[in-house]
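Note that the chains are named A, B, C and D in the order they appear, and that numbering of residues resets to 1 at the start of each chain.
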Amino acid sequence: MILDIAVDLDYEMPEPTDLILQIEAAFLPDQQVWNPGISMNATEHFNRIEGEDGIGERIMLRTTGNYSCSYRARVEINRTEQAIEPLEFVPIHQLPSDAVRYLMPSRYCPSDQMQSFVAAEFGDSMGGERIAAMRDWINTRYQYVPGSSGPQTTAIDTFIQRQGVCRDFAHVLIALARASAIPARFVSVYAPYVDPQDFHAVVEVYLGGSWHLIDATGMARANQIVRIGVGQDAAEVPFLSSFGPAFLQTQTVNVNVVG
Amino acid sequence: MILDIAVDLDYEMPEPTDLILQIEAAFLPDQQVWNPGISMNATEHFNRIEGEDGIGERIMLRTTGNYSCSYRARVEINRTEQAIEPLEFVPIHQLPSDAVRYLMPSRYCPSDQMQSFVAAEFGDSMGGERIAAMRDWINTRYQYVPGSSGPQTTAIDTFIQRQGVCRDFAHVLIALARASAIPARFVSVYAPYVDPQDFHAVVEVYLGGSWHLIDATGMARANQIVRIGVGQDAAEVPFLSSFGPAFLQTQTVNVNVVG
Amino acid sequence: MILDIAVDLDYEMPEPTDLILQIEAAFLPDQQVWNPGISMNATEHFNRIEGEDGIGERIMLRTTGNYSCSYRARVEINRTEQAIEPLEFVPIHQLPSDAVRYLMPSRYCPSDQMQSFVAAEFGDSMGGERIAAMRDWINTRYQYVPGSSGPQTTAIDTFIQRQGVCRDFAHVLIALARASAIPARFVSVYAPYVDPQDFHAVVEVYLGGSWHLIDATGMARANQIVRIGVGQDAAEVPFLSSFGPAFLQTQTVNVNVVG
Amino acid sequence: MILDIAVDLDYEMPEPTDLILQIEAAFLPDQQVWNPGISMNATEHFNRIEGEDGIGERIMLRTTGNYSCSYRARVEINRTEQAIEPLEFVPIHQLPSDAVRYLMPSRYCPSDQMQSFVAAEFGDSMGGERIAAMRDWINTRYQYVPGSSGPQTTAIDTFIQRQGVCRDFAHVLIALARASAIPARFVSVYAPYVDPQDFHAVVEVYLGGSWHLIDATGMARANQIVRIGVGQDAAEVPFLSSFGPAFLQTQTVNVNVVG
């Protein structure tokens, strides 16, 4: 699949502010980025550093005041979709070092509180089958309701309320997976067919010796997903972090299928 | 300073359980570990992997049932103590890649909620002076009360209640630092003079181009601290994580000054 | 002061739903209500019951589907404004029975967590002076930011973030008062000069043998306030409670000074 | 059933402190209290006021320092046990005024967040059948684990963790009932067979025109329960509220069947 991505952000910032921005499609073997372009006004400083686990880049910058930014790219995705069910659980003593932190509870995914629920509800399956069961459990019980959650909403809030947006669905699946000793990370992505159009969020679980994409909302299939970056949860890979007051004026995300 | 460390853990585990253990003094240039020894009963599997940021090691294991573990080591600390006040703020566009995640809100340190407070209370100082002011603010207002907090207690709870134990004090200092765009990480340590004796927790802030130890409780000075590991907060570097029911029977930590 | 009040609510409700509505100016000696009128579409059942502490009325109803409601009234306020500072603390053994529950922690006002802060920050004043100090403390440190809080925001969130809307300001003042053993209740009101115009919320504290109005936002003075109802916090006296899905379409509140 | 109740409390209080105590068996038609006696040391002031809904009494007092209290009573319970299933739902427009506040979310029972869950899980039953289904749902899924919860634990924490003590079980049942528009209140009680012996907590739901006792833990039957007081949740009817530092030294509760 080939996608055209167009993002425009506009923020009011009363004073010079430090920002961390991560909105560019990552350069990865399974997604080829053509003609990427990013432009922004009014930055005092600007630097790029590697994203978590070497996926994508963070842009570290300091604004001189109000901030606007445009990003354009065409991305070709060449990713074989794979059934999740047959993938095998990796015992924790065989995990690679960089997967271990994705077992730990995090800001939005307090997985330690969900062990009893997971044991009771999903105790009779393992590995990929368990993850598929969790995905289906979320899908059949939760409603996708734009506006129903906010920046403080955790996987626990969503678990109780049974509604949320993509990042909330992702947080619940991550928390459930980690409570099963399956490493799970948050993936900030672009995808078509997200309604209303916006940044999207999915999950990667570590099974059978590698990471595998799953969309807990069921909106996107693995070969329709453009990865931006990964992290423990939305707190570690936000598209924008601000270290001072920042008021959103407009934000548009367009992802169009062109091939 | 030379310290003798002796730790004994005993847990009741009704069934075979995956554990992550991180209790050994890290091998680091500024702390030399002599005659370390760790022994434990009843493990099905066992593996060592590097800790976060390459500091210390995690032991990944699977018990066959109840679990007990003993750790002994002598550690010589050769660390020059340094005043925190003169250290300079590093603008975020000059931060090294691996410091950036320590700017982000985490499970126990939701720093994004504390920006207004930090701007109002500490807005007139920068870098090391600000961190020193935060440390003193905590020290003069908070009470160290064993038993006053639990595994779910966040920096916000402690900020409100103004009491806690070492990990709570550390979480507040970390949250305040990150709200100032100063990277801060949680350090799991051993130290003498902790009363009652237990695992201890301090903070490292990234200032002037490197990490610097601070004990928000005022109990330990930099040259009295033996580092075990680091992480975003206590959730990433617990001394023990269990992926199944585990009931503490006894836990003793002894840290004695021998030179 | 004489005020004209006009409220229009419009909700989409996919199915018949039980509602509790409390939006009418209460009939009280210090506020005279002229020509009140309330009309609504589509109710299956309808009943009026007394509000908390006999102030105002709740309308209990069941919709047949979408719900809209209009309320109009003219209210003349005859209330002597009184300085809060000279009012005396009432020891808890002298409190009347119906004031006691306003000492207890509630949904949005977990006052039990704020005793240490209150003792440290306000320990050198008593009664009305302490309440005035709390009101001023909030006023000089918190920002009124429409949209900065949501239905789950507690006094603790607001205390940390130092911003919110009227109900958040009220919740913090209530929590601080109760942590001082001063009964405090939430008052749902109309007031002019609220910007943007909306339902408003203030506080009543029990001092010197009776209840006294205070607006923690500083927007309204006692003789500008039309009381609708009282409760432990916003959870007990919401203008609308719905026991089923209800989606706000439009809501307008107009309060105009006519004399 | 006839029960002998013996309670002894001993608290260290560094300074004179206001307390609210509610530990005495209420005088009610269905439980006759013989030879009640309460004695305590060191009170500066002392007053009795009616409990919530006229059930039981609160003692308001001020200590002169450390506080100890003994309570003894014999209580004969004459209550007909009644099946919960046949009881009918009372539409909210037919509720009596004093039942309405028990529909509202409270400190430990944020019922507003549980409407989706309740609709999905219990949507096919009504009234008493629904309450019975909720009680059974809790009973078969939750574990009674002394020490697993604390003073901040809400119905949401318990719902997630699926373990707790009597007050946690009660809070979950209350939250689920209110999310169904069924008034539910917390009842502080004595009961035999509570293991370990302690104050106990159960629920009353308003169905079929009156309040009905249910023990969500399954430990006590209606004719084995001695009511102390009622409230929205444990925050409104604690056995002891302290408006200053209070450190528990010893607390013993003995409830023995004598007839």
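We adopt the following convention: a contact is a pair of C-beta atoms (placed from the backbone, for glycine too) under 8 Å apart; a residue touches a chain by one contact, two chains touch by 3 or more.
If you're wondering where the values come from, they're calculated on a predicted model, not measured in any experiment.
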Next item on the list: Examine where the copies chain B and chain C touch and state whether the two sides share over half of their residue numbers (same) or under half (different).
Entry: same
Note to self: Measuring between Cα centroids, what's the chain most distant from chain A?
What the structure shows: D
Margin query: Taking the mean of the CA coordinates per chain, how far is chain C from chain D in Å?
Written below: 28
Note to self: Just the number, please: Cα centre separation of chain B and chain C in whole Å.
What the structure shows: 43
Item checked: Computed distance of Cα centres, chain D from chain B, in Å -> 40
Next item on the list: Any chance you could list the residues of chain A touching two or more other chains?
Entry: 113, 152, 157
Checklist line | Complex interface listing, chain A residues touching chain D | finding: 113-114, 116-117, 120, 141, 143, 156-157, 159-163
Notebook entry, point to check: What part of chain B is in contact with chain D in the complex they form?
Noted result: 150, 152, 157
Margin query: Applying the document's contact rule, which stretches of chain D touch chain C when the two form their complex?
Written below: 18, 20, 45-47, 49-50, 52, 58, 60-62, 91-97, 100-101, 103-107, 110, 112-113, 115, 119, 151-152, 179-181, 231-232, 235-236, 238, 241, 243-245
